[in-house]
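One chain, chain A, appears in both complexes that follow, with chain B as partner in the first and chain C in the second.
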Partner chain A sequence: MLLPKFEFHEPKTVDEACQMMAEYGASAMVLAGGTDLLVNMKKKLLSPQHLIAISRIEELKKVDSSPFGLKIGACLSVSDTASSDAIGKKWGALSAGAKALGSPQIRNLATIGGNLGTASSAADLPPSLMAYGARVVLKSSARERTLPLEEFFTGSKRTTLADDEMIYEIQIDEPAPYSGAGYESLGVRSCQDIKIVNVASFITLDGPGGIIKSARIVMGCVGPTHLRAHSAEKILVGEKPGEAIFARAGELAMQDATPRGAAFSRASAGYKKDMVGVLTVRTLGTAWKEATGERN
Partner chain B sequence: MKKIITLDINHEHYEVAVEPNQTLLDTLRYQLGLTGTKKGCEVGDCGACTVIMDGVTVNSCLVLAMQAEGRQITTIEGLETKEGMHPLQTAFVEKGAIQCGFCTSGMILSARVLLDKNPEPTEEGIRRGIAGNLCRCTGYQKIVEAVQSAADGMKEGHQ
Partner chain C sequence: MSQYDVIGTRAPRVDAPAKATGRAIFVDDMSMPGMLYGALLQSPYAHALIRGIDVSAALKLPGVKAVVTHKEAGLVKYGVSPARYDETIFCYDKVRQVGDNIAAVAAVDMATAVEAASLIKVDYEELPAVFTIEEALADGAPLVHDDYKRNISAEVHQEFGDVEAALKECDLIKTTSLKSKRQDCAFIEPQGCIATYDLSGNLTLYSSTQTTHYVQRSLAMALGAPVGKVRVVKPYVGGGFGSKASASHLEMAACLLAMQTGKPVKMIFDREQVFLHGRARHQFVHTMTTGVKKDGTIMALKHEAWLNGGAYSSFGIATVYYAGSLLGGPYKLPNMKYDGYRIATNLPACGAQRGHGGVIARSCWEQQLDMIAEELGMDPLELRLKNIMTAGDVTCNDLDMSSLGMKECIEVVRDASDWKNKKGKLPQGKGIGMACGFFVSGAGFPIYRSETFHCTVTIKVTEDGGTAIVSTASAEIGQGSDTTFAMIAAEGMGIPLGMVRIESGDTDFGVDLGAYSSRQTLMTGQATKQAAENVKMQVLDALSKELHVPVEDMDIKKGYIVFKKDKPDLSALKTRYIKEHREWTDNPSLDDELSFREASRIAFFTKGTIVGTGMYKPPELGGKFKGAAVGTSPAYGCSAQIAEVSVDEQTGRITIEKMTDAHDCGQAINRTSVEAQMHGSMAMGLGEALFEEVKFDDKGRLLNGDLAEYKMPTALDMPPMEALIVESHEPNGPYGAKEVGEGNIMPTIAAVLNAVHDAIGVRIHELPLNPERVYLAIKEYREKNAKQ
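What follows is the complex of A and B.
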């Protein structure tokens, strides 16, 4: 399986990479881990004339934590995302997503930015990142813009990324006190597969034993892109957390999901909906535990 | 256009002229004759082409040769020393963990990195460690036993 021909560039800095993107525009693609891009090129689904490899730019592998939150470089590998103490300590649902992705070999190559750029609705990292309210920083030689991850995805395998832009950084705010999150995914196997359904939930309580102040639930594989379970979120706010209200949220999340199912999919639409309900309840349970200080 | 690069493989330096669209896997096999690294699915699913790059396992079918320049690469050929085969290699032979042999190189390299990180893995830990390597003969049980046996042997050897 041969790769189509292309010119290979390895810029040493982000600025240099952006200049190349500006010069080559739509004929160039950014190569990070290569676990999606090179596969698609081998299958002749993509054949960019230029590949701009950013894997040697150290600046893009940072994990900067501050009292305000985290700034993660787009080229941080998925295995480093999974094993980072800074991430695991306060953003455990992101670690859980990273651990669930691919195989050890794939996690060592794949990057957090690549997982977002591919924009698959079955991807493991977007649900938790969206649930935490993450933002992406996009860079080109002319400008830099920061937008909520939710607005970055515009459809299946589609993003708002312009031809000359690259994903530079992922920012996540420090979770409010009494917050917690959970991520669960369901696949045919525990490794090396494409998810059937995945869900991340994030809740903030107004104090120990208090009511739910805010909630975000993100569902994967049940729409063209990751979807928020808005009606499930709405019913949680103002309520005391507990099994009964979580079960109700699970039912509403099932209604919020719009799976396609059948021939193109890994499971029927009905099954996916049912599993959205189950995973919503489970992730809310994990989030509740974390919010009340009972960490796993 | 071809470019001359230097690859650091099993602590030896190789100068090779490579095309941009050439993978590390093809370079190892066809230019350097290191055919212990196997070519399976070519899309990162099977793990037959696993090599160790800068201390971690990667699918060499998904790494461009040019991206591998300056990295430390270990292939299955690099495991044997003057003293003989690596304890993992010996254990695979002794435990009958090799059937057709196609997955063996990748399995052993994944196991080697696993044992470097965790010299006393549980069975679950071993299964997770080799999760990116598929054995189409489905001889997983003996492979897991071989890794366990190598781990036990290496531990005793250190004491």
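What follows is the complex of A and C.
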């Protein structure tokens, strides 16, 4: 398979990249790792006239940690995301998602921003990021805006990104004390797999051995975009964590999931729903352990 | 201490340095001056009439050098089995599968060729299509080929003994089934080739193939060229597994375009085309009824098989025969009845893949034997041992087990896995299972009827006597055959491996039927051994005349002449050698023993270039009934495997914890290569057991024609593997050697099926055992048990 013809641009700075985006608009696409984009271009699913390569802009590969949280550049590679101490220490579920993505070769090329921009509901990074309440910073030559990641996705392969906009940065706040998160993904094989279902859960307790103050559960592959399991979250709040309430949350998450029963999808809708339940319970278990365990 | 100096060692592969450093040349690395690139136009429809083909726009595109369709290619029918030649180079009246070939283009570069192919206009009239066995057999179903009534492309009906009578004497009769899914060989290197056509009318094809000989014959036949004007050369090949064992449309089209343009033409399949034209493992549906006595004695097997064959016959006749015949052993089975049907459908054609025809049948039966053992209250391993064949046994369908270390294989894996302390004793969710299997060590007959030798080998010694060049048309496709034959040649001549150079994979080197049916080690090995011994005799004969020592009183070992009786005075001979080579830097000293190098130099003075030849064809093999040719072999390799698994009962996900594997390869030529074949077999078998399945939509279009969605095991899916070599010494094999390439895949799937049952109590009768299938099976099992 051959790539269709396109014009290649490699701006040196973010400003320059934004100017190019402004100039070429809908006929241009941002090329970061290319692990999705180039494949889709070969399959003739996408045929942008201009590719604006941003993966060598240093500013976009940063991991800035402060007492308030993290600022991650859009072009941080997935392998660097997986191996970053700053991320692993406090945002272990994001590390887990990064480690679960693709193969070593793909992780070396793929970027955190690219994984969001592709807006696949099977992607490995959005569940944890959404569970942590991450925000994305979008830039164009005219403006900069910051919005919750949850609002960034508008549907399958669709985002709020305007034609002249690019993902600049991902921001995650420092988790509140007594918080924890977990990420689990289920594929047919152990790695290099596009997932059947993935789930991330995040909970905050009101103190050691206390009740659950807040909860966020994010499910992948069971809707056009990653979904919050709102009814599962609701039932957790105000309860003491434990197996029984987690099991109840799992059942409610199954109801919150809306998988399609396409005849040729990777698994049936019924199986996906059941697995949402299993993974919700498991990720809540991991989150609970972290909330009461080594951290804090 | 081994009686051998070279074989049975772990000598590094002769191709290791080239491959490890990236210097080994594969087709994709090759380029020639003036080379053009070819592209195929393929059908988007599964079944359609061709009303017309208009190539004018493609011809007008700048850079296009030739466009060919059936008009240029002609309508010669070809295929694999002469009884079912049902293909032409290009379709002319209708297309029978998505991807069927309509035309080919040669252009100055790949992009132009692809664009030109897309400019060819084909006027199709879509026809109703059949994709499943049920659809194909339905009343009034459209026919894929008019010749195949009810879409049955081949059927087999065999009975050995009297099955119904035997079943009446049985204490337990069990009927079960197993349904598999279509596989892909999924080798790393897609098929590719470069065709050249010189001014004297010689056609040369460099191709990624397993069988230069069959490709040469098919090209000559379909293109109407004399066989002697067609040469097929195989560079290094990145895996074949059966898919590269017959001539492809790609090779045909490249040759035709080269003949049309007079320029070299390069063509490479993309990954989706590998799936469309791979012709790998069929989908099988087996139903078996086995009868046994209370004590576990197997009395009879009644077996029905249905194969979804796709659009063309390819290897399919052999496949449907193998599916039955390979159950004749390794257990004593006096009565066997088999009814097999291969059904033509409008899916891409299926053919041969590692363990040809026998893998799913074996899986079905080995799971059933476990169920029988359970009902009899026997250890399934003991049930197998009770019925096991040993060397000298002949199956009811006339397969002669001239050597058979089956019993030893079972005992070895039993002990190595600690079976006795694990079977039935592991905690819920963890299980252990075992199975056996065997396979031919080379098809007893060529694909076409012929008295031909199956292989010829030539060994030529260089004039200085320092290097022996082995020339064979056999195919090194990654399995290590070059190393095997270099080692056999070294052993046969009595010289170190470092003095042997091997050239292989070229039809100019002689006849060799190639790398399929696990034939090369035994057959090409025999021819190589013969050629090597022939060289040795010629050298000793010349020496005998010089030294007046009888030939039988001499031998060659480790590169030196051995005098069994008195050592003659060698000074004159050694002085003569050194005088002859006074400018040389590496002359032997007068005090050294007489070397092979000196002796063969002396032989050169009297005989000219020393050339030894060897050839092999199997001796007369048993079986006079129809279809006896499929399954007969000079020898049979066999193996036993034990799988240990854990099952996540909440998700249905299976983890293979360990594989313990024993294979009887007669005599290991290279122990590391034997183990590598065992590892590879297990990887392929586990993929088929757990993940792999080629999927199509309701129009017959591929849904997962790539290695992202066609899920082979990754390194992380592979368990620790213990590969244990059993050596039974095969009388028909070179130094006692026989196959390991395919026999070792036979037990894998069943070992997993049986281990899963041991873990969770559930029997599953459909593959692959992906998480959803296992999860649903557990759910169904629990619901059923709750009701009872």
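As a convention for this text, the second predicted complex is superposed on the first by the 291 of 296 C-alpha atoms of A that agree within 3 Å, B and C clash if a C-alpha of one lies under 4 Å from a C-alpha of the other, contacts with A are read in each partner's own complex, and residues count from 1 in each chain.
By our rule, a residue touches a chain if its C-beta (ideal position, glycine included) is under 8 Å from a C-beta of that chain, and two chains touch if they have at least 3 such contacts.
Fair warning: this is a prediction, and the values are worked out from it, not measured in the lab.
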{"item": "Contacts of A:162 with chain B and chain C, given as first, second, both or neither", "value": "neither"}
{"item": "Which of chain B and chain C A:103 touches, first, second, both or neither", "value": "both"}
{"item": "First, second, both or neither for A:35, with chain B first and chain C second", "value": "first"}
{"item": "Which superposed partner A:51 touches (first chain B, second chain C, both, neither)", "value": "first"}
{"item": "Chain B versus chain C as contact partner of A:137, first or second or both or neither", "value": "neither"}
{"item": "Partner chain(s) touched by A:191 [first = chain B, second = chain C, both, neither]", "value": "both"}
{"item": "Which superposed partner A:1 touches (first chain B, second chain C, both, neither)", "value": "both"}
{"item": "Touching partner for A:275 - first (chain B), second (chain C), both, neither", "value": "second"}
{"item": "Superposition-derived comparison: chain B or chain C, residues of chain A touched", "value": "B"}
{"item": "Partner chain(s) touched by A:267 [first = chain B, second = chain C, both, neither]", "value": "second"}
{"item": "Residues of chain A that lie at the interface with chain B and also at the interface with chain C", "value": "1-2, 103, 190-192"}
{"item": "Contact footprint of chain A on chain B as seen in their complex", "value": "1, 19-23, 42-45, 47, 50, 56-59, 62-64, 66-67, 110, 113, 128-129, 131-134"}
{"item": "Residues of chain A that touch chain B when the two form their complex", "value": "1-8, 10, 31, 33-35, 38-39, 42-43, 51, 53, 55, 79, 102-106, 108-109, 190-192"}
{"item": "Residues on chain A engaged by chain C in the complex (per definition of touch)", "value": "1-2, 103, 186, 188-194, 196, 263-264, 267-268, 271, 274-275, 278"}
{"item": "For the chain C and chain A complex, residues of the former touching the latter", "value": "110-111, 114, 270, 272, 650-651, 653, 690-691, 695, 697-698, 703, 708-709, 711, 713-714, 716-717, 770-772, 775-776"}
